[in-house]
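Notes to accompany the following structure.
Per-chain residue numbering starts at 1, and chain names A, B, C, D and E are given in the order in which the chains are listed.
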Amino acid sequence: MSNTLSWQHRLAERGVDRKLWLLLPATIFVLLLFIYPFLYGLSLSFQPMNGGGVLANYQKFFDDAYQRDTILTTLKISLPAALLNVLAAVPIAFRMRGRFRGKRLLTTLLVVPITLGTVLTAQGLLNYLGPTGWFNRVLMSLHLIDDPVRLTNNYWGVFFSLIITGFPFAFLLVLSYLSGIDPTLERAAATLGASRSQRFRRITLPLLAPGLATTFLLTFVLAFSVFPSAVLVGNPAGSTRVISLAAYQAAYEQYDYAYASAIAMIMGAVELVVVVIVLLWRARLYTGSTGGKG
Amino acid sequence: MSGFNRLRLEGVGRRFGTADALAGLDLTIERGEFIALLGPSGCGKSTALNCLAGLLPLTAGSIWQDDRRIDTLPPEKRGFGMVFQNYALFPHLTVRDNIAFGLRMQRLPKDEVRRRTTAAIEMVRLEDHASKLPGQLSGGQQQRVAIARATVLEPSLVLMDEPLSNLDAKLRLEMRTEIRRLHQSLGLTTVYVTHDQEEALSMADRLVVMRQGRVQQIGTPEEVHTKPSSWHVADFMGYRNLLPLTAGRVSGDAVAVPLGGTTIDGVPQGEVATGDDVVAAVRPEDVKLGSEDIAGLKGRVEVVEYQGRECAIEIMLDDGTRLHARTERKTEAGEQVSITISPGRLLVYPSDGAADRPAAELASAGLAV
Amino acid sequence: APTTNQPVAESTGDVPDKPSKAVTLNILDVAGNLQLTQGMIDEFVKQHPDVISKVTYSKAPAPELAGKIKAQQNANRVDLDIVLTGTDGLAAGREQGLWLDLLPKYADRVAGMKDYLPPAQKMQELAGNSGITVTYYPSGPLLEYLPAKVPTPPTTAEELLAYAKANKGKVMYARPANSGPGRTFLMGLPYILGDKDPKDPINGWDKTWAYLEELNQYVDFYPSGTADTMKALANGSATIIASTTGWDINPRVLGTVPKEAAITPLKGFHWVTDAHYAVVPKGVSTDKQAAILQLLNFMLTPEQQAKAYDKGYFYPGPAIKGVELAQAPQESKDAIAEFGRPEYDKLIADNPTEVPLDAKSLVAAFDKWDREVGGSKVKKS
Amino acid sequence: MSSRAIKATPTAWFIWAAVIFFFVNLAGVVGSVLVSSFGKRWFDTWVPSGFTTQWYGDAWREFGLLQVISVTLLASGLVVVLSVLVGAPAAYVLARQNFPGKRLVYLTFLLPILMPPITYGIPLATVLYKFGFAGHLSGVVLANLVPSVPFVILTMTPFIEQVDPRIESAARMLGANTRAVFLKILAPLLVPGLLASAILVLVRTVGMFELTFLTAGPDSQTLVVALYYSMSAAGIRAQQSVDAMAVMYTAMMLVLLVVALRFVNPTQLVARVKEEPSE
Amino acid sequence: MSGFNRLRLEGVGRRFGTADALAGLDLTIERGEFIALLGPSGCGKSTALNCLAGLLPLTAGSIWQDDRRIDTLPPEKRGFGMVFQNYALFPHLTVRDNIAFGLRMQRLPKDEVRRRTTAAIEMVRLEDHASKLPGQLSGGQQQRVAIARATVLEPSLVLMDEPLSNLDAKLRLEMRTEIRRLHQSLGLTTVYVTHDQEEALSMADRLVVMRQGRVQQIGTPEEVHTKPSSWHVADFMGYRNLLPLTAGRVSGDAVAVPLGGTTIDGVPQGEVATGDDVVAAVRPEDVKLGSEDIAGLKGRVEVVEYQGRECAIEIMLDDGTRLHARTERKTEAGEQVSITISPGRLLVYPSDGAADRPAAELASAGLAV
C-alpha cells in the first residue's frame, strides 16, 4: 500500500493522474487516422511502382522540370497571397478595434466569404472577372481599358480566389490578436509623447508580430494547398500547375500511388520549410503576455 | 514641456451615453502639490484622471495650464506623465528601453537618452534589472519602472491611477513612502487616484473626495478626516458608526441626539434643527469604554476581535443600536460596559429625507457593492 | 445505400440468364453518357422490375475512375456495377486489368452488337473484350465560330495559323486530356497535315507537334474543359474554338452558345470517331452480371438507340444501323430540327473515319502535349 | 454629444475605401453567380436576356441533389457529433492539466490543421480504401474527422480555460463525482463553446472539398464535390445550372452561418491559436 | 458525513515538479476550532487547504480524521465544505440551486432539500434574492451564497480560501464579523486562509504562520502577535523595524544591542550570545517619541505621513539607521526628536549568517513579491 502510494505521490508530482485517460480517444484517433496514414504514405513513397531505388520517386520528381517547377509555381501563388492577406488585415483590423455602429454587421459580412467555398468563388470569379463579366464591362464603359483584362484562367484568378477565401480568415485572426493587446499600452505611449504612428510602430506592431506570424502561417497553409481553384479559375496546364495538382494527377490519372505519396511528402516538406522559417523568425520576437485578455 | 504655475479645471465633465461619469469638476492645482482623488469604485476618479491626461475627450468644461487652454491637445502634446494601475509597461521592451521610450520619442541625442535613463534607473534602484523584460520583474519592481518611465521626462504633472492597488500590504506601505519621496525630491506636481483613504491621507497635500461623478469635498487630509462634509464622506473616511436619528435640542454648536435610551451631544455639521432627520457619525476609536459605574451609555459586548495592540468590539446598546468601538482594554463577549463618546467627535449631519440614510449594516453590505 | 457486392471470388463463375432476385445497380458515368442513355436504362427498369429493382447514378471526371475502382477491388468491396466511359477510362481500366471480360463469352446475349454501324464496329474492336459500345458519333475535328465575328473562317490549317497569329488569344482549344474536342483536334491534325504516322504520336507526328507549338505562341491559355471554350466563344473572348458535332449542337440547344454559331471543317480532315462504352468492373457478382447483360441487350435495340439522338449531345448518337431521327422522342426531333445542321449528313458521308489512338499512344500524346505545348508556359530550367 | 467629432484621417479614408472595394467586388462575384443562375441566356451583355428558374430544377435532377444534400447534412452531422465527443475531453485535459509531454501531444493534435489536406488526404484515402471505408459515408466521415477533431480541441480549449477550475472544485467539495461534475457543471457552462465549435465544424465540413473528394463514393458525395463535378465532369451542362447549384450551396452555408452567428461572436469563428508561453 | 473530534495532518507535503509548495505540515485541529493559515503570497496556504480538501493529491504525509486515514479519499467523499476566493458560484444556477446543489448530490428527498435550502437562505438573509443568478448579485451577496452553500451540508470541517480578499475595505470588515458569527452559531470547525494578518488575528483561535511552504509558528493570535518565533514571522506580523545588528552583552532575559550610537536592551528570542549576528525587531507603535531633553536615542524626522488620529513617521537615527514610528504627536519633517522603545518590545532574533538578514528596505521590497 505504501509502495503504490509513494508511486502515486511521484506521479502526482508530475501532474499525471486519472484525468489523462480523457486524452485516449483523441490520441487513438490521431494515431490511426493521421499518423498511420501519413507514415503509410511515407513508406509507400519509398516503394516506387516501376522499381528503382528507394528514392526513385523523389529522384523522378526532382529530375523532371515539369514536376519540380510545381514547387515554385505553388510558392509563387501562396506566399504573396498569404502575405497580402495578412498585411491587408492589419490596418483594417486596427480600425475595427474600437466600438462603432455596424461593427458586428461588418465582421459578419467578412465572415461570409469563408462560407462561399472554393468552388462557388471560382464560379463567381469566372463570371465576374471574365472577359465579358461586370468588372471588365465597368472598366470598359469607363474607358479605362479598351480590351478586357484577362483576370481569370491564369495566375490572377487563383490569386483572387485565395484573397477572397483567405482574407476574411486572416482578418478575424488578426482582429482577435489585436484585441488581446492591452489598449492602455498605447495610451501609456501617448502620455510619453509618442505620436499615432510611433505608437503603432513601436508598441502595437511588435506585440502583434507573433500573431501575424501565426496568421501568415495559417493562411499560407490554406493557400499552399490550393487545389480546386487552381483547376477552375487558373491555368492548370501552365502557370497555375500547383503541386497538389501534380500529386492528384499522379494518383488519379497515372495511378501511381507511390509517386503521388512522394509528391505529397515533398509538398508537406516544402510547406514545413516555410513554416519552420517563419517559426524561427517568430521565436525571436517577444511572445509573452500582451497584457490583454490573454 | 515647460512647467506651469497653476493648472485649472473648470466644470470638467465626461458623459458616457446618458450617464455622467464625471460632472462639474472645478479644481486648481498649484505647482508642487500632491493631490489625491479619493472615492469608492466607479465614482469617476479614473475618468477625471484620463480627462486630465487627454486620453478621454471632455464632454464639458475646459482645462487651463496657466493661460493656455489645453483640453484640446492630444495626450502626447500635453507633456504629462502617467503611471497606470497595472503599470502598462511595454512587455516587449527591457526595463531600460521602457524608461528610455519617452526620451527617444523626443528624439534626444543618444548620449543624453543613455545618461538620463541610467540616472532614472538608479533613482528607482533597478540597476540589476535594467536589461530584464517586465514579465521577469516582481510587482514592486514593475511599479518602480512605471514611475521611472513617467518621471524621466520631468513632466510638469504626474498622474497616477491607483498605482499601489496591485501590491501586497507590506510592499504598499513601502512604495507609498517611496512615491512621496520621489514627489518631493524631483519637485513634481502629482495627481494621485486611490480608493484607500489611509493612502490618500498619508500621501496627499490635498484630497478631492468624489462620489457618483461629483466632488464631495476638497480639503487637507486633516480637514477631510476630522470634518467630513457629509455623512457619505464620513462613511468613506472611517466613521463606521452611522446612526440615523432624530435631532433633539439644538443649542449653539451642540445638538442633542437620543442614543441608547439617553441623550448625548453632537456637533452639528450644517443646518440641523430640532426634529430633523439626522445621521450621527462617530469613529470606532472615538467610542471609549468607561468603567461600569459611570453614568451614561450602557451596552453589552457582542463581538470581540483581537487586532494586536487593540481589540475591535461590537457593542449592543440597550435600545438595540450596535456600536463599533476600539479599545486596548481586555473585554469578552457578553460583558456589560459603559461607553463614552469623546466630546466633539460625534458629528451630526442633516439627511435629505428617508432615502438618504445609511442602511442597516448587513443589508447595506449586500447592496453596497 | 449501396449494396455491397460479394467478394471477387464469387463473381467469376457462370453468369445465369436471369438474376436470382432483382438487383440494385450502381452506375457511374465518367463520360457524360447518361445524358443519352439514362432514359433507356430507366425504361428497362420500368419494364423489368424483376431483373433490376433500382438504379443509382453518379458522375465523376474520367481521370479518377481507375484509381477508385482499383482501390475498391483491393479492398474487395466493389460497389460500382456499370461504368459508362469513353475510350480514355476504358483504356485506363484495361491497362490496370479492372474490367470483367464479358466478351466474347456473352456476346450473343447482346444481340444488337451484330448491327453496329461500321465505324462503331471499329470502335468496338478498340474495346477488346471488356467494353460494349453503347453510343457512337463521328465527333470531329471541327472549328466553331460566330459568323458575325469571323466573316471568313479559315478552311485550312495554314489559314487557321494565320488567323491565330492575326488575332492573338482568339483561337482556343481545351487541354486534350480533359476535353473531347481538344483531343479530337489533336488526333485529327496528323491527317490534316499529312503526318508520317497518324497513329504514332511520338515518332510520327513531326508536323503536328511543330504546328501545335507554333499555334501555341498565339494562344493565351488552355482551359481545363470544353465548357470553358464554349463559354469563351459565347462571350466573345475566343472567336474560333475546336468543336465536334455534339459540342456544336447541344450547347446551342442549352443556350450556352448563341444559335448563330457556325462550324467549318479544315481541308483534308478525317473524322476521328468517338464512342461511349459500358464496362463492368471485376468483383461484380454474377447475378448482377446477368442483369447487366439483359440491360445492355435492351439498350442496343433500335427503339432505345433512337433516344441517343438526344438534343444533339452526341450527334447523331446511335451505335447501330437503321436508327432514324424519326424514331426519336419528339423533344429530340424538335431540337435537332431547330439547331441541327443539314450539312452534317454530307460531311459524315463524304469524309473518311478513323478510330482514335489506342490508350498507350493517347497517354503518351497527352503527356507530350502537357509538357511541350500546354506546359511550355511554365518556365523550365 | 462629445465636443469633438471623430476626425477621419487620410489613412482611415484609404482603409475604408479598400474595405468597400473588397465588398463591392465580393458582391460582384456572388451577385454574378446569382444573376446567372436565373438567366435564360447570357452572352456579351450586362444582364441575361430573360429570366427563368429552370436551371434549379435541372441541377436538382441531374445531380440528384436531394440525395446529395441529405448526405451532406448526415455526414457533417456525424462529423460534428464524433469530433465533439472525441475532441472535447482532450481539450479539457489540455486546458486543465500540465503533464510531461504535453507540448508534444498538443503539437500532434494540431498537425492535421497545419498540413495541406492533400498531403495527408492522398495517403489517408489510400488507407481508407485499403480498409474498405472509403467510397462510403463512413470514409467521408472518418476523413473529415481528421481536421475536425483538432479544430474542436483548438476552439474548445479557450472556452474550458475560461471556466474557473474552482467551480469544478466547488462541485466536488459538494459531493459531485466526476460524472456529475461533467454533466451538471461543465456541460451547461460550456454550451457556448460546444455550440461554437460544433457549428464551425459543421460549416467547415460542409465546405471541405479535398478530403471528401478523395474519399467519397457514388452515394456519399457532398454538395461541394457535386458542385466540383458539375464544373469538371464530362458532358455538356448549361453554365447556369452550375450557377444554380452554387447558389444552392451558398444558401445552405448562409443558413448555417446565420444560425452560427446567433450563438457565436464572429471573431470567435476563427480559433485563436493558443500561444505557447515563452520560456 | 459524521463529525470528528480531531483532525491530524502528519508531515503533509506537496511538490510540483522539483519545487516544494508545501513541506512537512504537522497540525492537529480540534473540533470547533477556528484556525487561520497565514503567510505571504505563494507560501503554500492554498496548497495546504487544497490538500486538506482532497483537491490536490499529497506527495508526502497523511491526513487522519480521528483514526481514519482520509488523504486517499476523493474530495466528494470527505464531507468538508469549502468557500473559495472568488466564491466559485455556479454561474448557471440560481442562488437557491447553488445552495441546494450539495443536498441534491446526496440525493436527499425533495422536501428536505427545500426545507434546508430555505433555512440556509434565511440564515444568510438572501430571501429576496433566492431566484437570482450569481451574476446579478453584489460581491457581498455572492460571498454569503458561497458560505451558505458550503455550510448547508453541515460539514464536519469548513475550509475558506481568502474569502474576503475581493471585497472592498468596508465590506471586508463587516463580512469578517459575519463569518466569525456563523462559525460560532453553527458550531463549525473552520480552517481559514488569509494573507492579511489583521484578519487572521481578529478571527482565529489559532494561527498557523507559513513561509516558503513551511510552518513557521503555530499559536494563539496573541502569541503570534507578541512573540513571533523568528524575525520572518515578526516581519510579517507588522514589526516594520527589522534591524540587522550584532548582539552585545547578554544578561539573563535581556541582550544589549547597539543602536543610534548608544546601546539599548532587547528581549532575546532563542539562543543569542554576545557577538552573534542578530535581527532586532520592533513595531512602529512601540517606538515612542520622547521630549528632546531625555537622554537616549536621538534622530531627525524624515517623513511624516498623516493617518488620521496618528501619524506614521520615519526617523533617521544619528548612525543612519531608519526607524518607523507612529505617534499622535504633531511632528514635522526635519524636527529633532528623542526616542524610547517600550521595554520588552524590542525582540532580538538570532540570524543564520549573512544570507538570513533583512535586506535594505527598498531592495527587499522589490525582491519580496
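Here is the rule we use: contacts are C-beta pairs under 8 Å (C-beta built on N, C-alpha and C of every residue); 3 or more make two chains touch, one makes a residue touch a chain.
Quick caveat, the model's predicted, so the values are computed rather than measured.
Under the contact definition, chain A and chain E share the contacting chains B, D. Among all pairs of chains, A-D has the largest number of C-beta pairs in contact.
Once the centre of each chain is set as its mean CA position, chain D and chain E turn out to be 53 Å apart.
Chain centres here are Cα means. That of chain C falls 37 Å from that of chain D.
In this assembly, the C-alpha centroid of chain B lies 89 Å from the C-alpha centroid of chain C.
Under the contact definition stated at the top, the residues of chain D that touch 2 or more other chains are 43-44, 126, 231-232. In chain A, the residues that touch at least two other chains are 14, 17, 132, 231-232, 251, 257, 286, 288. Counting only residues that touch two or more partner chains, chain C has 68, 224, 231, 235-236. Those residues of chain B that touch chain E in the shared complex are 40-41, 125-126, 129, 137-141, 144, 167-171, 173-178, 180-181, 195-196, 198, 201-203, 221-222, 225, 235, 238, 240, 285, 303, 305-309, 312, 314, 361-363, 365-369. Here chain B touches chain A in the complex through residues 53-55, 74-76, 78-82, 84, 86, 88-92, 101-102, 105-106, 133, 135, 149-150, 153, 159, going by the rule given at the top.
By the touch criterion stated above, chain D contacts chain A in their complex at residues 11-12, 15-16, 18-19, 22-23, 25-26, 28-33, 36, 43-46, 85-87, 89-90, 92-94, 96-100, 105, 108-109, 111-120, 122-124, 126-128, 142-143, 145-146, 149-150, 153, 158, 203, 207, 209-210, 224, 227-228, 231-232, 242-243, 246, 249-250, 253-254, 256-257, 261, 266-270, 272-273, 275-278. Across the interface of their complex, chain E is touched by residues 164, 166-167, 169-177, 180, 184-185, 188-189 of chain D. Residue ranges on chain A touching chain D, taken from their complex, read 14-17, 19-20, 22-23, 25-27, 29-30, 33-38, 40-42, 44, 88, 91-92, 95, 104, 106-125, 127-129, 132-135, 137, 164, 167, 169, 172-173, 175-177, 179-180, 210, 214, 217-218, 221, 224-225, 227-228, 231-232, 244, 247-248, 251, 257, 260-261, 264-265, 267-268, 271, 275, 286-288, 294.
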